[in-house]
Structure formats: C-alpha cells, structure tokens
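A single structure is presented below for examination.
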C-alpha cells in the first residue's frame, strides 16, 4: 500500500488514480461532488467492495468531506449554512444504519484545557441531550423523540484509561444503537487546517499513525456503528514545509530559476526526508493557526448545530 | 429519624445528643478531634454498629471533617498544610480498605462551565495518573507504584446519563479496587461554605435530598469501596436566613429587645417555614460567595495535592 | 436625607412618597412606566429641579430601569427583545446629550477573573469599535459613521490606579464627546439580582457607599456626559435576610402566628441591625446566584447588542 | 542597512560580523554571555555609540536575551530559576534608569481572548501592585516600598485606540518614572518560539514591521524610559519553511545528494521568496505550537515572578 499520509478517502483516491494513471473511477469506489455555495463544497466517496478497500486502504463505508472556506472570518449566516450542510450529510449517514428512534450516544474526544484539542468537549456542552428527560419526565417530550446522550471522556494523558475502554463500559451499560464521535485531527495538508469536516461511518483510531490499533473506536470494538466527525486543527511543521517547498519550487520554475534536481524534488513527496531533517533539532513542532480560539468557537457552533439538527 | 438537614456525621451526633440530653458518646459512635493549627481542625467520627446507624441515620463507616478557616485569603503555605492534612486522613481511610498497590479510580463530579460546580473536573485535570504508564511504559515508573486513573464524567443535564451508570460501566471494564469521588455540595450551614472538606467511606448520592436513590454512588452500586470527598460551595437562601435569624434574635436578646415568641423561634429550626415563605416569590436562590473563582482555585489545589500525595 | 439603601431613583421616589404620605408625584420628579411584554418592563424617572434632587438625593437627570424576568432561562428571542429595549432607551438618552456623530468611548468596569464582576470586560470584547477604521481606513466605513472606541481599564486591586485616573488620561488624550460606563453592581433587593438594567446619565461612583467620592466617574470628573449602565449581580447576605424576614413574618401573619413585635419588625427596615448581628461572625458574605456564569453570558449579549445597536 | 529580519541585537551583531568578515567586536557594541545552567543562557549586548547604532540598526541602549530550553516541560524548580534570572537582569536595567523608589507602571499588551496573544494581560493579573496601598493605606506597607501600578490596555482591534494613546494619557495623569511593557512577539526563527525572553530599554513598536511608527511605545512618545520584555509566541509559516529548508538541504549535503544550486539556496535567505510563493495561496499562516496554553501558563509565571521580585 502507498503511504497515503492522508485520512481523506477522496485524497487517497486521487493519489491512487494518478499513480496508476487511471482516468475512470476505481472498481469498488463511487464518488460525487456537490457545490453548496461559493464557500462550501461536499464530496461523497463510497467504498463498495474489497477491491476499493485494497486500492486506498480504507474499509467499505461512506466518507464525506465538507470544505468550508474563510471560516476564520465567517459570519452567523455562513456558519448556519455550514451547520445545515453537515446536518444533511449526517442525517443521511445515520439513516443508513439505524431507525428514526434508535438511541445515539455523542462522544467528544479531546482535552478542554488544550485550545486546539478542545473542540470535542466544547461540542458536548452544546448537544441537546434527551435521554434523561425521556426516561424520567416523558411527559415533557414529544412522542417519538430520539434518545440522545453525550459524553466527553477526556484523553489518555489525563485519565490514564484508553478512550475505547471508557466507551466500551458505557455502551455496554446504556446500550445505544449508534455512536457519533467528534475528534480534532492532525491535518495532512496545509490547506485543510480548520476548514474541513470529515464524516465517515467506519470509526476512528485516536492518535492514528502512531502504530497502535488497541485504541480503535469502531463497530469492531464497540459492537455498534460508529460515525466519526473529524476536524483538522493542527499540522506538523514537516507537512507545512513539504507543501510550501512545492510552492516555492513552482515559483522558481515560473521564474525559470529551477533545475532538474529541484523539479524532481517537486515531483516527489519529501515529507519523510524533511521530517528526518527537522527531528534532530526538535524543530518538527505541531502547530496551529494563531486564530485557533476563534476557529474552535466557529467550528463548535457548526458541529453542535449540525448534530442537534440531524438527530 | 430527625430531619437532621446536614450530611455531617459530627453535626448529626451533636443534634442527637442535645435532643436526647445525652452527656456521653452514643453507643455505636466513636469520635475524636484534633487541632492541626489555629486555622485547621479535624474531627473523625466512626459509626461502629447498628445502634449508631439508627441514631444518626448514617451507615457504619468513617466520617472525617476538616475545617479550614480563611481559605479565601490563604497563602501557599496554608494551602500546603491543608493539603497535607487531607492527604493524611485520606491515606488512612484508603489503607483500611485496600492494599498499597490496589488500583484507584478518581472521579470528579460536576460541570466545568458552572463555576461553583467546577471543582471536580478541575481536580481531575491535576491528578497524576499512572495507569497508562504502568501498562504501556512500565520501565518509566518505580516498581510497586499504584495504578491511578481519573475521570470527569459530566453531569446528568449535559450527558443525559446518570453518573452511576457511566461509572458502573467503567468500573466493570477496568476493574479498579477503590473509587475516590470528589463532589461540590450544597452547604447546610452558612459557616461551612468553601471552608470544609468532608471525607467518608460510605459513598454519596448526587443531588441528595431530592428523594431519589437511583443515583447512589457507593459500594452497593459499584461493587467496590467508595471514598467521597465533599466540599460545600453553594448554599440555599433559606439556610442563610435561618442561620442569620438566630444571630439576629440573639442580638435582640442581648439588647433585651426580644420576647417569648422570638425566643421560641430561636430555639426552633425555622428552615422549612422560611423556605415555604420564599418559594412562592422565587426568592429561594441557591447562592455562592462572590469570591467563588478564587475559592475553587485554592480548593482545587488542596484536593488535587491531597489526593496525589496520599495514593 | 433618608437612608434609601437603593440606587434606583424609582425605588427612592416610592419610599419618599410613602414616608411623606404623598399621593401625587413629587415636585421636580416626573415618571412613566411602560410594559414591553409580559417579561420586560421599563420605568423612566426624570429629576427636573433642585426640589426633586433634595427629595430623593439624586442629581437632576434621567434614570431608567429595565426589568427582565426569567433571564436565567431566557432564549435567543427574549434576549434580542431585551437588547432592543435597552437599545431604544440608550439611544434616546445619548441623543439628549450629543449629536449623531459625536464620538463615544465605552468603558467596561470590573475584573475578568471574578465571574460576578466580569460583565464589563466581556461586553467590551463584543463592542463594534469604529474609531481606528475611520481614522486609518475611512474608505471602509459609511460616511457619517460615529466613532466608537472601548476600554476595559481593570479594577483598583489589580491596577493600583483609581479607574477615574485612567479614564481621565484617556479622555483628555482622545477627546470623545460622551462616555458609556458598564458596571456590575451590588443589588439592594433580592429580586433585582441579574434581572435589572439601570441606565442613568449622571455618572457613577465605583464601590459607592464606602464613603469615598474621589473615584466618581461623571461629567464633574471627566468633563463630558457619562451614561451609566448598571447591572446588579451580587447581594449582601444582610439584604437577603432583611427581605426574607419580611416574607417570613408575612407568612406568620397569614397563619395568625405573628405578634405585635414581629409586626413592628416587618414595618421597619432591619438591614442595619441584621448586618451588625452578622458581621462579628464573618457571616455577612457577598453572594451571587449559582447560575452566575449563564446569567453573565446572557447579560453580556443583551448589553453588547443594546450598545452596538444604539450608537 | 541589511534586512536583518530579527529584533534581537545579538543576532543582528552576528549577521553584521559575518557579512563584513569581522573577527572582533564592532566599535560601539559590547557584549557578554553567561550560562546560568544547562537550560538557561543569557547574552547582554550594549550599543554605546552612533557607529554601533548604524551597524545593526538599533538605538543606543541595552539588549538582553534569555534563552530557556525545554520550557514546555519545565517543572516548578526550573520556572523559579528562569524567573530569578529574569529578575536579576531586569533589576540591573531598571537601576540604570531610576532610583529605588521611582514609581513603575507595568503594561501588559495583548488580547486575553487570543491564547498566543494573552501573555501580557495574564501577567498583569499576577503583578503585585502597591500604588493604591501606599496612597490610601500607607500604614500597611514598609517605608521605602516602590509604587507599582499595572494595566492591560487591550489591542487596537478591540479598543479602536492606539495603545500609545491610552498609555500617554495614563502616564501624563499618574506620572510614573518608568514603564515596563510586556509583549508577545512574532518570532524570527523557529527555535526561539516560546523559549526566549528579550529585555531592552529602548521601547517597542507594536505590530512592528508593518511599516508604521505612529504606535511606538518609547521614551520618545511617553517621555519616560520604557523597558520592554518581549516573548516570541507565534511564527510565520514562511519563517518555518525558510529555517527548515536550510536543515533539509543540509541533510541532502550530508547524504551527498545536494548540488550547486541548492548549496547556493542554503547560503541565501529565501524568506522573502518563500513568502511570495505562499501568499497567493493564503498559505502564509501565522502559527503557534499546539502546547501554547501550557507555554503561556509557564511564561506568565516566569515573567510575573521576575517582575515582582525585581521592582
């Protein structure tokens, strides 16, 4: 398998097609794009069989990417439109797995005290939970209301417990039919930071890429479908440099100042080499945009509204 | 049983003795007092048999009250001394239940977004957890280190799930030997607000007094011993008024301006009457001192240090 | 002069009328009431001459009280209506002092780190300032836009500087035509806590009642009109007890259990006596409702929107 | 003058010496280095005459750089040592300008709501101010105590007022003898982020480099000496890329995979070219380390303690 270095099914599909010089869709992969408005775009990728799985290294399932431009300066109206888009996609994906009244547990991963990692806990604070009202005061809710509960389990470094162990215990005890997990991710490309929402129904691995699988949060580990909402909020310096190097060489080419070796560098993915150059100096920082507080605030509103309107 | 209207075993014992005109300790109840310094006092009450249980309506077990005066303006040195006192009491009580290596789960109840209710979650952020290090990187810890994990499960209004349901699931899954629960309480007397720490080993009922028992967090519900650390941070207006009324009548008596009826009022507990007078006007607010942010900060340090040094 | 123990001109007028058994308006005082909806009421009091000044101990000027019921649980729509009401009153009062383009400086008093005192600084963060844009990028604003600037000067305990000294320096230097000051107040009655907004155009004295006047923020000290927006967010225990005692005795009267002495107590204002009874025990706490975080959040939105829409 | 692209006098001196192949100190520039321990280093540069000024484009004055390694994971002891180092340097520099009782105003620049820009306001909250106590309660302070006041004036985008205008007003009104300004800076090199403290006595220009000088905070604008404490907390992507490109080419050289053109690239400063390549794609983000919350917390303690111990 290629080292795709991206979690996005749509990006992996592109890479695979380019590498194999394919012009048509890969067998086992279907996709469609939709432009909601000039700032919001949606791409839906569906992996339908084992061939698709093998090609891009992702299990059979749905993968939806919502791109939101200029989120940093988004006004109320644009935030609502983004929330509505998220809501529509989420409702579709939930409906393929459970019926209208199937109980849902919403899980916000992350650490409230680390700004770029605080999205999950903040969303949980804004989720409209109904489970306790339906159980203890059913007269106050409309008949047919779906049971929704929510939890922010903390992170391994603060709890000492793998998140999946916490969730396994809760799921076994309260028995929801589906879990929605919200997670702040590391971005694999400079342009995705805090502007992309990824929805998938095949679960997630917190801290993925570190090479452990014991912490997978998925139907395998929890026994019920897991819909993941992932938002890239941080990026490695090596990723920034790799992306920027291409732009820099492009500029040198435009100015006819490049050479064969540089052209070759641009063709290649130099991420691993750059990382190896930065690591010995402790320069491979994980960074986040200066405006992260505002970005998290806007994203929290989009994701919480998106979930509240869809469940 | 009397309506003791206090959770403190020591206060209940006093009320029972006074009401029954007893001069000696009640059969089934032992107690001792210690003055750590001019600002810190400890009282340890032990209920040893069924007679003691019946007398004051608390199950057999240990009940320790630490009073800390002037916490609002406490400096580093006094905070350390209070933490040390808590630590000593806590260690003794833990040692009566499990051995030195028995795994402990620390649970911080409360809502991080409601200042007077944020103590539990804030303490959890400062607990030194070891469970994950011992499991995955045992070479980095001394042999014999106790496994400690920690969780802040949120509140029913935010999660939709009874706290005990969340904990039951986690305890069943990770199997600790003892649970420590931290909880911000409603105070039953004006002078205890944010100046008392109560430790007991008989568990707690969140929102106690509302008349439900489904949510008890105790050995009954979890199957392992539960040590509770409770700190009063809020108080009902009716409690403030009842306590103040006594002081006011006392002053009238001192000035020879009282009368029989007032004297009788002072003898009685007028809490219930006052509450009934305030409720129709929506005047029975739950209140907290203006300095609650500082109080919570100081208490968080005391409780987190107290736990870290004792486990 | 009476010890009115309230800053509200409308309450002082009532007390004066009752004490002097007046049935008509006092010479030199005009007033009118308006009911915006079932939850929002406005009363406008105008002191027009020296006789009015003397009667209720307030300088000639406008005093407007907006009462908002059930703010704790207010939804978006009610918050907007309250903001609109504030906005209308504020616009009228501003228009009596300066013209449509007269520059305004908005000042948020208080301490961001003390929740019940954080309203002022939080409002400042949401004020739409225009002064710098008009000065440096005039092409980006409509012609005729009013210059608005904003500052949160901190509190004496944190800065070591009287607020009026800070403001005097700034006003002398940037020369606005009018100052709006936002201040969290101590409430003089239990029912006003976090449900009343007071607007006046005669300035304020931070920490008023402590008997100093050196810190007055008014046209006297700053040389330009000062519109004050005050919101009660805390209350003394002695005030709670005094108000509650009346309700309690009322209940005893209703149950025919009162007596002459109690009836007399109810007629009198016992605040000072109660305070003297509580002080020796350190029981006269300043308290705030448990839900203060949410109240401040809602009030911040009302006041910030109210100002943004009126200037 | 060179485009030094660094504010550090020590770095500019190095660049000038290298460019002019000088082996000795430049006339008009003196310097000395001190290694406090393995993690903390100090370099003191003094510009003594016009020749020194011209060489490195900085006015006559003192420039001290304190480097603190591994701040992210610093423990209490290391933080105290760093604070002590800052304190010593600061005391020396203050003593060269005013006498032991000369009043000082501490100014914390920045925005409390933007994490990487919140250092200044947070430090102000921890400064031990004495001015009000000396003025109103002199019996509570030792004779000879220095008057200290503190203010956090906000940022232009929130206040609409240039910071220097606010400070000018306050300084004219309360007349301190010296100002200390704390400012979070953009770093000019990847390794300085959140690990360097710069002290100088020649003032600062907020948002320096944008080409305006109207906002200079210095003896020129305020009329009294200005000691600046600057801490780099953010960095441009173009700076990260420029620094990283050198490391990357170095690695290629080590592996004998480089070529003449790359070697030349490494010799040159490509910052400007890289920036021009990134800007059209909106890729030149200003970023901050993921751990910025902890870094700011540690730095706040170092700077506040450093100031409190030196004034």
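Lettered A, B, C and D in written order, each chain numbered from 1.
The rule we apply is simple: contacts are C-beta pairs under 8 Å (C-beta built on N, C-alpha and C of every residue); 3 or more make two chains touch, one makes a residue touch a chain.
These figures come from a predicted structure and were not determined experimentally.
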Practice task
Trace the shortest sequence of touching chains from subunit A to subunit C and report its length in steps.
Solution key: 2
Problem - Separation of subunit A from subunit D, taking each centre as the mean of its C-alpha atoms, in whole Å - result: 37
Exercise for the section: Please work out the Cα centroid separation of subunit A and subunit B, and write it as a whole number of Å. Expected result: 41
Handout entry: Contacts with two or more other chains, residues of subunit C listed in rising order
Key = 113
Exercise for the section: Pick one for the touching-chains graph, please: line, ring, star, complete, other. Expected result: ring
Handout entry: For the subunit A and subunit B complex, residues of the former touching the latter
Key = 112-113, 124-125, 127, 129-133, 147-154, 156-162, 165-166, 168-174
Practice task
Would you tell me which residues of subunit C are touching subunit B in their complex?
Solution key: 113-117, 190-191, 193, 234-235, 237-238, 240-241, 243-245, 247-248, 250-251, 259, 261-262, 270, 273-274, 276-278, 281-283, 285-294
